[in-house]
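Quick heads-up: structures coming right below.
Two complexes, one shared chain (chain A), two partners (chain B, chain C).
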Partner chain A sequence: MIAPAHSSDPSSSGSGEEQRAIRVRILRQDAPGQESYWERHVVPYEPNMNVISVLQRIAAGARAADGRPVAPVAWDCNCLEEVCGSCTMLINGATRMACSALVDRLLEDGEEIELRPMSKFPVVRDLVVDRRRLFRGLEKVKAWVPVDDSYDHGAGPRISPEEQEDAYPLSTCMSCGCCLEACPQYVKIEPVRRDGEAPEAFAERRQGAFDRGFVGAHAISQAMLFNSHPTGKMIADERLETLTAPGGIQMCGNAQNCVAVCPKGIPLTRSIARAGRSATLWAIKRLFDR
Partner chain B sequence: MAQPRVLVVGGGLAGLSATMRLAELGVAVDLISLVPVKRSHSVCAQGGINSVNALTRQQGDSEWKHFDDTVYGGDFLQHQPPVKEMADWGPRIIDLMDRLGVPFNRTPEGFRDQRRFGGTLYKRTAFAGATTGQQLLYALDEQVRRHEVAGRVKKWEFWDFLAPVLDGHGRCRGAICQDLVSMQFRSFAADAVILASGGCGLVFGRSTMSMACTGSAISRAYQHGAAYGNGEFIQVHPTAIPGADKLRLMSESARGEGGRVWVPRTPQDPRDPTTIPESERFYFLEDRYPKYKNLVPRDIATREIFDICVNEGLSVERDRPCVYLDLTHIPRQELDRKLHGILEIYEKFQGVDPRSVPMKIFPAVHYSMGGLWVDYQRSAGGGMEEGSPRNHQTTIPGLYAIGECDYQYHGANRLGANSLLSCIFSGLFCASGVIAGGEGASRTAAEEPARLFDSALRREQDRHEALLGRRGGGDNPYAIHQDLGALMTRVATVVRRNDQLAAAYDEVCTLEERWTRSAVSDTGNWTNQNVTFTKSLGDMFPLAKIILKGALLRDECRGAHFKPAFSVPGLSATDPVDRRREAEAWCDRFAANTERWLKSTVARPGADGHPQITYEDIDTSLIPPRPRLYGLVGADLIEEVWRERQASVAEGASRATVAAAAT
Partner chain C sequence: MTRDETAADSFFTRHQFLIYRLFSLAGLLPVGAFLVVHLLTNSSILGGAESFQDRVDTIHGLGPLLVPVEIAFIFLPILFHAVVGFVIIAGGMPNVGSYPYAGNIRYTLQRASGMIAFAFIVWHLVHLHWLGAPFRGTALPGFDPHHASSTLAVAMASLGMNLLYAIGMLAAVYHFANGLWSLGITWGVWTSPAAMRRANWLSVGVGAVLALAGLGSLVGIRRIDVDSARALEERRGEARRMLEGGVPATPAAVSADVGT
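Right after this comes the complex of A and B.
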């Protein structure tokens, strides 16, 4: 999230040969509710750069392509190795992680690199968006193992290698939100605080709005992860209840955009299909239980 | 106390496990973090987490051996009771994480699988694919989310800890923090503040650490009076992938699963490495360390790789030092099953498939053994007394430190896969003591007069305003950071020399001076990352000074701290009598050095802006220090002499006891 800049040693930036430049077009926005605008930047080319290092140079220079001093562009990052889920943005129109977007590849698409914030979440500033709703989804589906406590009760349940190999990929979901950005059913929800509205009241109203919207592929997949865990499944019904309520699985149109963009290659459509089946069975069971 | 309230700074493994345990014990927790806690640096840990287990136990392993490996690996520079306690808790912690749903790799029968890491001969390391840290962090994040939904925890994500609030008695009663979105300040009244803010890799510019690892929180605590321990002990990981923005780690598990380190015997051999015949490859670690081979402890692997490139000229490339880390002899399927995640990183960022082409790697700054000095209470059994408010308390009462930001467990060098354990352990273990520490107070922090918090808040606001108000045209903070990182990497990593350290100290002072004249390019008050970074850069200088001064004063070699001028060579004589005499002299020298230097470095902020360094004796009562001899020439003989001496000391001691009993 904090963004130091480092150019590689001067020795490695081609001595003598003509200095190549990378041109970048960024969709900026100063704060929520303000107009967005395009700004162009130029940074010297270095071998092996990714979009984060381009942004680091831009922050350090704080000048637009025309030489005008501008406020540094804001963006999110932390791990720089595609495992923390911070740096999602639209790069040349595609939703992906900035840290693993290599400049050399991007320049194969065209001369200029285009960066935009995700469109399904409220912009905080420039490329930084507010992904609170994504985390709310994890609360809704109770994405956890309901253990008694953190004291010693011996080992967890025995698990076969096959079960582990099934669960592990789902458990690598880094809450980046690429799947949500790509999903036609996940529509931006941006409640605005009203004049005189208390922060708590606003937070509650916002949560209500989030909860009526589609919960998203990532949360459905997490629900399936925990519904297949020997202890996690003890509250499987509660998760299915959420998935069959408004904002649940029935909103998914099965467009399968989500699985195509997940940087971790998580089998989301498999989770969605599984969730659909369990939800149907659960609904039938509930009908008979009444 | 009515309703105790605790502020936890940082939501990595340490902060989350403390939060979970505190919430369970009925304490209201405020949890603040620079990034959403699920995105904390702990997600980067790849290799695994150590503990004795059912399998190793039957091979002769025990908690005591894990403890012994940890202190031996750390060159005895840690108080032993907390380390013993941690090793004892290891099995319970792995079991707990297993119950929380961490998808540990499994054996065909469904038990947890284990691998071997450096510095031990047992397969002690449990792992979940190649993303063990991520999996552990998520399991804790999920539990904390559960407590949050139940109203026991309140998270403050995208918040920066700026300063502890101290009352008239110097007791910590809360903290001042800043919202990184609205840039608003807020004071948090807290009966205890627990710092779990992780490492300080950014002091070295580029490292294997994440961007939030600025060390700002611990530096701020230090500047308010908390002592700092063993700052000069910085672990450089032997195998990282050099990159412009970050030095990405290649986990030790690559070697744990059979990866071999080599260089071509012909310097800068231009051939495709896979075509270089065995006889023309130099497997220098296997050659020099026949017992541990590629799994020697980190400091040794680092120095060997550094040496082979820098001093022996055998780097694979001419203008960029690196060696091969080779996995190509292992079946692809096996690699994918065990190391998928880390191989993917290499492929993704280098564009080369490490399953068919040997990787190119070089050492990088990786971990800080040093950190805030913390106390502990020794138990009757030689461990740490659970529930004591002294455990993990800094020199500021009411202010605690856990995880990578404390100095407690790893001494002069950390063993692989021991950090995740120490983070979770310290988080779980400290909770009961933190609560007990608040119980004696006559009033809760919330009942403290408002002016205590108001004046602290105003100080931080003023500091912020002053930064924003700096005249334009000053130095660029990013450029200063780059200079600081390059300097620290050059003089304070693998090899240290006094002349360079002394000069570097002055240079850091100059850089700090330049920083006071630097200007921010964004003067707004909305998500101003520029000012946040500049602030944290200012807080890197005190840490850089602690590291440099500690390193300069410590005239010896210990663990990660290597000064060639003070290194003691192995034996050279061939005649048995001479050799024996040499070994005796070696042991004399070792004993004298232990007497002089087996002490923790303790830094306190001096009024003049320079750290004041004192030394603290170490509790080595459980395992007497012995020479760390990995790969030294004549190690066997030195060990023999040392053992004989220890035996006669022990005999003398027991004779004295008998004599005393007789009188």
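Right after this comes the complex of A and C.
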């Protein structure tokens, strides 16, 4: 055993602060498809830490709480300011960004911090997950403005300030996947490569499985963002085609967890209801236009 | 839970959007509309045996059309909605433990109340409806439309039965009222958070009225005196048979009917 987690004696003032330690419980997994296991770590307390800085200390120490040398815990991060969306994990049971999860606040909940990888995506290693399906969702709904040439088209159409105000929040999506992690209708899909299956065949089968699953709140919201853009609108029908295909908007059960957990505060349920309305009108139009 | 779908797309998957929208529509029309009419009709028993018998006679005035109408507009739509409902329930992963938000609790209750309502509807048919007669045996007296109030009062005599009906009915009412709110999002009737809040009040209002009507019916049934209700039903039966030109009515029965 290494040092106790807390300086239990407040009367030994002065050195008390240095002895304070943070206990962390991490759900680890060595490789895709392997069993996961819990491991405890202890790091010295410093003021103003976030979960990423805790993970950095853990990686530097590379020892479990019982002193055993262990492989460093792996995690994903990049911007460290809640804009890249790469550091999503389950912190004390809830999905959030590790870089903006402040340790001082977390310790208000309890003495130990619990870290788990996202549960809706296949684990690559420890806290790193494979979010291919999330990006496939954006690809499916064509979350872009289709201007794929080098001609000068002149100035684009005007967008009124009201429309800009409506669209801007949607454009802040950072593909973190919190909305998917918390969604009871977004169920994990983890196809496994079969013996003797060619990598291409597996990739195709995996894509098929992803495509039949729920596309997710983030993609629905992006579809609505680009369907409201004057140029993006040109392929509005293609986006609605996707949103009414298997795994589309109909899979949403209106639990509204997505909007509650989105770190960017994106009005996802407004997008979902708008997509529902567009899909209704589009389906009626299709019925009579055929 | 992991799902690895490799099979070729089933009919259900290929037509998922259409099926889910028909499922949603069925929840409102005809099933939801039936629930409203059914609970409001039942509450007429608060006005006594006579007023309730009037409503029952109106419904049974459909005569031979009643059975096909019930099958086409009530049983098949409920069955369709319930089957798709169970598929939807099986495909979701409720997580109120981790995310105890109001919307999530409502989502979970929507599923729980659907399943309770299903179990209750099955029991309700076995208990009172002609469909359940073969399963009923002699232990349960059932419901006779010509003796509406008296047979109902006998069938609903025990406190346990009242409790069972209250739970089943409230589950169905919650399910419909909350479903109304969710349906408006599904079809895109209300889209902004403010509109959803207003729609919420609509749901609360509809739910409150239906819950009161349903509980009122239970109170109304308890107020029925079996003997006098049966006497009234017999008199009306005599009068009806006379009008239909069947069994000749006794003068006493006719004069009693005129007297009331």
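Assorted remarks:
The working rule: the second predicted complex is superposed on the first by the 269 of 290 C-alpha atoms of A that agree within 3 Å, B and C clash if a C-alpha of one lies under 4 Å from a C-alpha of the other, contacts with A are read in each partner's own complex, and residues count from 1 in each chain.
The working rule: a contact is a pair of C-beta atoms (placed from the backbone, for glycine too) under 8 Å apart; a residue touches a chain by one contact, two chains touch by 3 or more.
Nothing here was measured: the structure is a model prediction, and the numbers come from that model.
When the two complexes are overlaid on their common chain A, residue A:Gln29 makes contact with neither chain B nor chain C.
After overlaying the two complexes on the shared chain, residue contacts for A:Thr88 are found with neither chain B nor chain C. In the superposition on chain A, contact is made by A:Ala279 with chain C only, not with chain B.
When the shared chain is aligned, chain C comes close enough to touch A:Gln256, but chain B does not.
Comparing chain C and chain B on the residues of chain A they touch gives the larger count to B. Looking at the shared chain after the overlay, A:Ser221 reaches neither chain B nor chain C. Annotation: chain A has no residue touching chain B in one complex and chain C in the other. Contact residues of chain C toward chain A in the complex are 1-6, 9, 13-14, 16-18, 20-21, 88, 91-95, 98-99, 101, 103-104, 106-108, 110, 182, 185-193, 196.
In the complex of the two chains, the chain B residues touching chain A come out as 17, 20-21, 24, 34-36, 38-41, 43-44, 92, 95-96, 98-101, 103-112, 128-129, 131, 134-135, 138-139, 142-143, 145-146, 148-149, 158, 180-181, 202, 205-206, 210-212, 214, 243-246, 248-249, 319-320, 341, 345, 348-349, 351, 428, 476, 478-479, 481-482, 485, 521-522, 524, 526-527, 529-530, 532-533, 536-537. On the chain A side of its complex with chain C, the touching residues are 93-94, 182, 184-185, 187-192, 205, 208-209, 212-213, 244-257, 260-261, 267, 269-270, 272-281, 283. Those residues of chain A that touch chain B in the shared complex are 1-8, 11-12, 30-31, 46, 48-50, 52-53, 56, 59-60, 62, 69, 71-72, 74, 77-86, 99-100, 102, 124-125, 128, 131, 135, 138-139, 142-147, 149-150, 152-156, 158-161, 163-164, 167-168, 171-172, 174-175, 226, 229, 231-232.
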